[in-house]
Amino acid sequence: MTLEADPVEELVALGIAADLSGAARRRLATIARIEELPAGKVVLREGQPTLELGVVLDGRVALQTHLPGRADLTLMTLDRGDIFGWSAALGDPSTSSVVAQVPTRAVLLERDGLLDALAADTEFAAVIYRRLFQAVTSRLVATRLQLLDLYASAEGRA
Amino acid sequence: MTLAAATSGRTAVPARPRIAIVKFASCDGCQLTLLDLEDELLAIAERIDLVEFAEATSQRSSGPYDVLFVEGSVSTPEQAEEIVRLRAASTLLVTIGACATSGGIQALRNWADHDLVRAAVYPDPTMVDSLATATPIADHVAVDAEIRGCPISPAQLREFVTALLVGRRPGLPDEAVCAECKRRNIVCVAVARGITCLGPVTRTGCGALCPAYGRGCYGCFGPRESANGPGLARWLERDLPPADVARAFALFNAWSPPFRTVIDEAGGPPGPIDGRPTPEASDAHH
Amino acid sequence: MTTRPEPPVAHDDPPRFLPRAELDRLFGALRATGRTVIGPTIREQAVTYDQIDGTDDLPIGWTADTAPGTYRLTRNDGVRAFDYGIGPTAWKRYTHPPRIPLTVSAPSPVGPTVAPVTPDAPPLAFVGVRACELAALRIQERVMRAGPAGDVDHAARRDAALVVAVECAVAGSTCFCTSMGTGPEVGEGADIVLSELDEGFVVRAESGPGQVVVDALRVDAASDDQTGRATAQVAELRETMGDPVPTAGLPERLRAAIDHPHWAEIAERCLACTNCTLVCPTCFCTSVGVASDLDGQAATTDRTWDSCFSLGFGRVAGDANFRPRVADRYRQWLTHKFSTWWDQFGSSGCVGCGRCIAWCPVGIDVRAELLAVAPPHAPAGPIPWPVAPPDGHAPAPLATVEPARYVETEVTDVRRETNDTVTLRLATDDAALLAAQPGQFVMVAQPAQSAPPISISRILPDALELTIRHVGPATASLTAARPGGRFALRGPMGRPWPIDEARGRDVVIVAGGIGLAPLRPVLDAVLRDRPRFGAVRIFHGARTPADRLFVPELAALAGRVDVEFAEIVDRAGPDWFGRVGVVTQLFEHATWAGAGATAFICGPDRMMQATVRGLAAHGLSADRTWVTLERNMACGVGLCGHCQLGPYFVCRDGPVFSVAELGDAFTTEGL
Amino acid sequence: MHTTEQLSGGPDVADLTIDVRNLTRVEGEGSLHLQVRDGVVESARLEIFEAPRYFERLVVGRTMDEVIDIVTRICGICPVAYQMTAVHAAEAAFGIDVDPAVAALRRLFYCGEWIESHALHLYLLHLPDFLGYPSALDLARDHRSAVEGGLRLKRAGNHIVATIGGRAIHPVSVRVGGFSRILRRDEIRALRADLEEALGLAEATIDLVATLQPPTFRRDMRLVALRDPSAYPMNHGRIVSNDGIDLAADAWESLFDEHQVAWSHALQAHAPDGRPYLLGPAARVTLDGDRLHPRAAAALDRLGLADEIAHEPHWSIAARAIELVHAVAEAIDIVEAYEPPLEAAVAWRPRAGRAAWATEAPRGMLFQRFDLDEGGCVTDARIVPPTSQNQAAIEADLAAFAPTVLERPRAEVTHLMEQLIRSYDPCISCATHFLDVQVEELS
């Protein structure tokens, strides 16, 4: 396997695991794996247990919500470096469905191992929670901009 | 639908619109203003279908109308029903004049005990069927545009009709009378002569008529945008008792909120009537 | 016509003396030069400047008591003609009239034509111009000639006026010229200067035309005693007036007070009635009105005085408004007069005449408000934008004054981009139009419509393309245009994108919605000359897939290997397989370094602000991050005042700005 | 026009019910109630239900200058009449003598309103009846120059009112003691050109009227108008009639009275003997013909309809034409002679008392009375517009006219009824009435 095939190295490269000590990285390695997600693969389903927390390496996944009687609505798409499934870190059910929009490579951290690690290793927890918090913040900003209707304009000039 | 929409080409106001002019409680002066466009009347008549205008033609139509001009305020139960019917029959509803836009001079009765008022004029009030209040059209149905004034200005009516036919936004500025006063080089009657003038809180459109004739503006075009009635009242009360300040505001647009605030703070309009609005009056506005 | 030619110099001979009884000689001599005399006379219980015939029309024996909100004409029973306090009329009424015709449209076989109206400037003589008023004439002349194209009407009227100034011997309680450095001594710009003594007038010629009039008086030289008393009387006046407004550091103090709570307090009293601005001798803002016949064929536009206190002044198409609150409008006026005027024109906008104090119907005293909002020695807070008067960024150069040009163009192609947006190709052989730069705009004139500013979305050898969204009546008829239709264009206007500055550097282009249109010429220029640029990254966001402009060109971009192109939409249906989200996500996790790159950004304000923040995080420097701003650009050349943003006229100094230039002006509400 | 007709009581066409709503081409809205049984008119009522506006109440507590601004809002067609009556009442009560130039201006002001109001009614409201058109706008398609002439005549009247009062409707310059500013000579002289043209148009109107053929309907009617010792009545005069009434204008209430009827929001005025009376152009031309301007007197001779004007309501159009000539000719005289007053208005002090006056509105005598407190504020008011005084006379004429046309097709009957009502130029806004031609169901 090449280096980039190592999930921890990938996460370090993305900055997500860069601040982790060696011990914490080893702990991470025990719960992280890289997976190839074929287009259309449903990684997480809205309302179901969030069994994995994921980070996109290549490709693209869509966050979708189900509208009864209508096609699922894509709320947002995620690219390299974006985190999904963070409910896993809380043990909560998934707040949206996550679907691979194109063939996608992602690092997946399985939930139970993640919860154990967060509970057992405060240094690990501090770094991971900080990353998750950053992800939540930028997602909130993006959502706010969508609410504001980013492209609404009163301009007379075209 | 708003006037902006109507004149932005988004809304179907056809090249030859069906136009109706109706009146409620009013003096007829605003609809007569159309007949006062002596030089353009016939040319305008050739470009529109004047399908309802009892003042001028025996042809009648109960709708539908592309544009409905409404004069007068709602003062009887029948009128309160009729305006709803007319709104439904009209694409664009335009109020013309102070009565339709803010209630008019008759809205002064909104502060009074209706039975007292009625009894003062009619020996047997029970024969007279009227509401306790005279209220603006916008209190009853959605209004798309206002042409202000008591009465409206012929020039503004001409501009409105032209803009409607040409498809542009009518130039009906919402600035203060003062702006036109200064452009016309009329010396400010308030500053130079200490005359009470509502110009600073009143919408232009008259061409600064009253100051040009040596008297203070009496607010017949109603409040302008961001009219600071209390601000002007505080200044006037340096020389006048509050009752006389209220007197100045208590005319044709007394019931418009910026003016009403001043009148209410002074305990109501002149006259030996209960200064507080009747329940119906306050309901009528909220 | 170029800037006003220097008049021949006056001979260097001593002042003359005109006995009081002979004052009518002056009027005779002025009329002999073919001029109508405008001077002080009493009308409607005030001293106004109207046409006068002679001495009998002067307010001899009258003066005025002024105070905040009051002006009272009072007898002083003196013999003097010029001891009256300044009245409501400002001379701008004659150099910058309240209403002038601008254009005339007439039907013609090839469609309606639009032609500018050539000014009709009668030769006038202004008698009784005070020192502060002379300063105001100088300031307004600077304003009306600044920028890319000065005002031809003002130039003609000012050039046709001969100024007879009078040195003040008395001052009103509202006067503060001493603080503003404009009086009481008469400064430059007069043709003749009078100093009034009880027995008559000391007369100095200060220009060739003035000398001609003075010679025609045929009066003797003034005695040393008379000139001495004239000098002494104005010196004495200066003493009595003192220095009521501490102006040291005032522009900076006002800047630092941009968020002062006192603005809201003033708004409680301020009626936003516009009186202060319309009596002000330097306020110059105007709006254009349209009138037409019932068919919209024969139409005229005229230009009338407007004011930053009227709501409509800050309104743009779609009825958004830059200064919705009265507090915003008062702040705009006061900070413009005393602070940003320096940035724009290299001087204060106030001459201390006190008209705004006396003629405010609720007696708001600008002197008191200045002390309240920006007291002397106030802690100098952060400067909200990076220019520091009085030596701040150089005021716009004086313009070559020529009448507005309207070039008839013909629609040769109409492409519907979205349900509310079309791209028009307008053929022209006009060299000036075809020399347009990316980022510039044109004013599109149609009879019976206001002329909206429209960005150029492509520059071709024989045509310009304009991409227009239907947001109001004027754009409605433009988006309804058909091939063969004709429109008159004015321009090109505005400051272009600094493309040359980006050569040799990485380029980041971020477009949101309709904002892609003004950036399209940048793409053209960069791709035409691709090797001369570093990495080129293009990020495009739209509300929905259906709102994407230039779809074929976007597809072509996506296919190029020599640019990085990504796009994203806010909302999408199941048939969209691209990215969903906001445009900032396109580079949020990108690993490229932005330091040294140049960014060109255009889109709605919110999108640009989010993008600027996002790019800053990638290390792009504020002085290489360029945005193009939206304002109510009415005249297009910085003369109407509508598009002011802090120290800038968006139409003249922009619409393209670097984020560094804008500073907080980019994000301050109500500015 | 919404017209329903019902036959009832069998085939006898003399029993009929007509229902026409919203009579057109009158100021304001209203209806006629007509019931015919066995060919006999059982009732003919002018029903007036326009929303009441309570002006008598609105002016309480107001100064007389405010009253001038308020009462003018009673009517958009004759605002000057309301202002003139109120200002004269106030000046009489406060003992004010105005400058002769002010008095002349006010008469010119009134001439302007007569011209505007008469031209409006004659050309735009009434003439279409005689020529068989639904409106003057339709009439203009075939007789454009006539309608244009009428509009220019109307414009000349509006021009006078706008020059003196600032605008044609609800002018602003009338103040107790004079005007709000001095009208300069050049402003007044500027009216000259319009009026010269208007005089030609007014005299052409006489020739036009001479060609008309109204229905024949003749009756004797009590005619009441003011009589001014020295002039055709406008701002001054005693109340006189063709059957001997003669009393001071401020004594109106001593003879006449108003009472309320169930079918009207306008109080009907009556003389003590209950005999209806008619006000307006026909009454004035008949009672004050000897005071007409020479040009108007000549026009009347040429027209030769003095007797018809006195006895045939349809010929009121001729009386209006005569008064158009008079008003234009007199206006020219006043403009010619005008010299501005020394001051816009004389100083005055309010005093307690009774302010009562009558003037001649275009439609007839308008009476106003205000009781004033020491501060000059109104404590009680009475306003009696001409139309509410004419109401009883109109109803009497309708009752008398109906039987003469009952045999005709009903649509025509309806039209003839409307035409007759229009011939009185009822100002429904003044009388705050709602006119509505409808007929009682026959049981």
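First chain written, first letter: the chains are A, B, C and D, and each begins at residue 1.
The rule is short, and it goes like this: contacts are C-beta pairs under 8 Å (C-beta built on N, C-alpha and C of every residue); 3 or more make two chains touch, one makes a residue touch a chain.
Only a predicted model underlies this, so the values are computations on that prediction, with no experimental measurement involved.
Novice: Where the centre of all protein Cα atoms falls, which chain's Cα centre is nearest to that point?
Specialist: That would be B.
Novice: Go ahead and note the Å separation of the Cα centroids belonging to chain A and chain D.
Specialist: 85
Novice: Where the CA atoms of chain C average out and where those of chain D average out, how many Å apart are those spots?
Specialist: Distance between chain centres: 55 Å.
Novice: How many angstrom lie between the CA centroids of chain A and chain B, rounded to a whole number?
Specialist: Using C-alpha averages as centres, the distance is 61 Å.
Novice: Between chain B and chain D, what's the gap in Å when you average each chain's C-alpha atoms?
Specialist: Chain centroid spacing, chain B to chain D, equals 26 Å.
Novice: Of all the residues in chain B, which ones touch at least 2 other chains?
Specialist: If we look for residues of chain B contacting two or more partner chains, we find 214.
Novice: Residues of chain D touching 2+ other chains?
Specialist: Residues of chain D never touch two or more of the other chains.
Novice: Which chain C residues reach two or more other chains?
Specialist: Where chain C meets two or more other chains at a single residue, that happens at 319, 471-472, 474.
Novice: Going by the touch rule set out above, what shape does the chain contact graph take here: line, ring, star, complete or other?
Specialist: It is a line, because the chains touch in a row without closing up.
Novice: Once the touch criterion is applied, which pairs of chains come out as touching?
Specialist: Pairs of chains that touch one another: A-C, B-C, B-D.
Novice: What residues of chain C sit close enough to touch chain B in their complex?
Specialist: Result: residues 43-46, 48, 69-73, 87-89, 93, 98-99, 268-275, 278-279, 289-296, 304-307, 310-312, 319, 326, 358-363, 448-450, 470-474, 476-477, 480 of chain C touch chain B.
Novice: Enumerate the contact residues on chain A facing chain C in the complex.
Specialist: 14, 60, 62, 71-72, 74-77, 79-82, 101, 138, 141-142, 145-146, 148-158
Novice: Show which residues of chain D lie in contact with chain B when the two form their complex.
Specialist: That would be residues 1-2, 22-25, 27-29, 49-54, 56-58, 60-62, 66, 69-70, 73-77, 79, 120, 124-125, 128, 134-138, 140, 144, 147-148, 151-152, 154-155, 158, 165-170, 172-173, 175, 179-181, 259-260, 262, 265, 267, 344, 377, 418, 429 of chain D.
Novice: What residues of chain B sit close enough to touch chain D in their complex?
Specialist: So the residues of chain B in touch with chain D come to 23-33, 35-36, 38-39, 41-42, 45, 50, 54-60, 72, 75-76, 79, 104-106, 108-109, 112, 116-118, 120-124, 127-130, 134, 150-151, 153-154, 206, 209-210, 212-215, 218, 220, 247, 251-252, 269-273.
Novice: Please name which positions on chain C make contact with chain A in the complex.
Specialist: 316-320, 421, 441, 452-455, 457, 466-469, 471-472, 474-475, 512-514, 517, 541-543, 547, 568, 570-574, 576-585, 588-589, 603-607, 610, 630, 632-633
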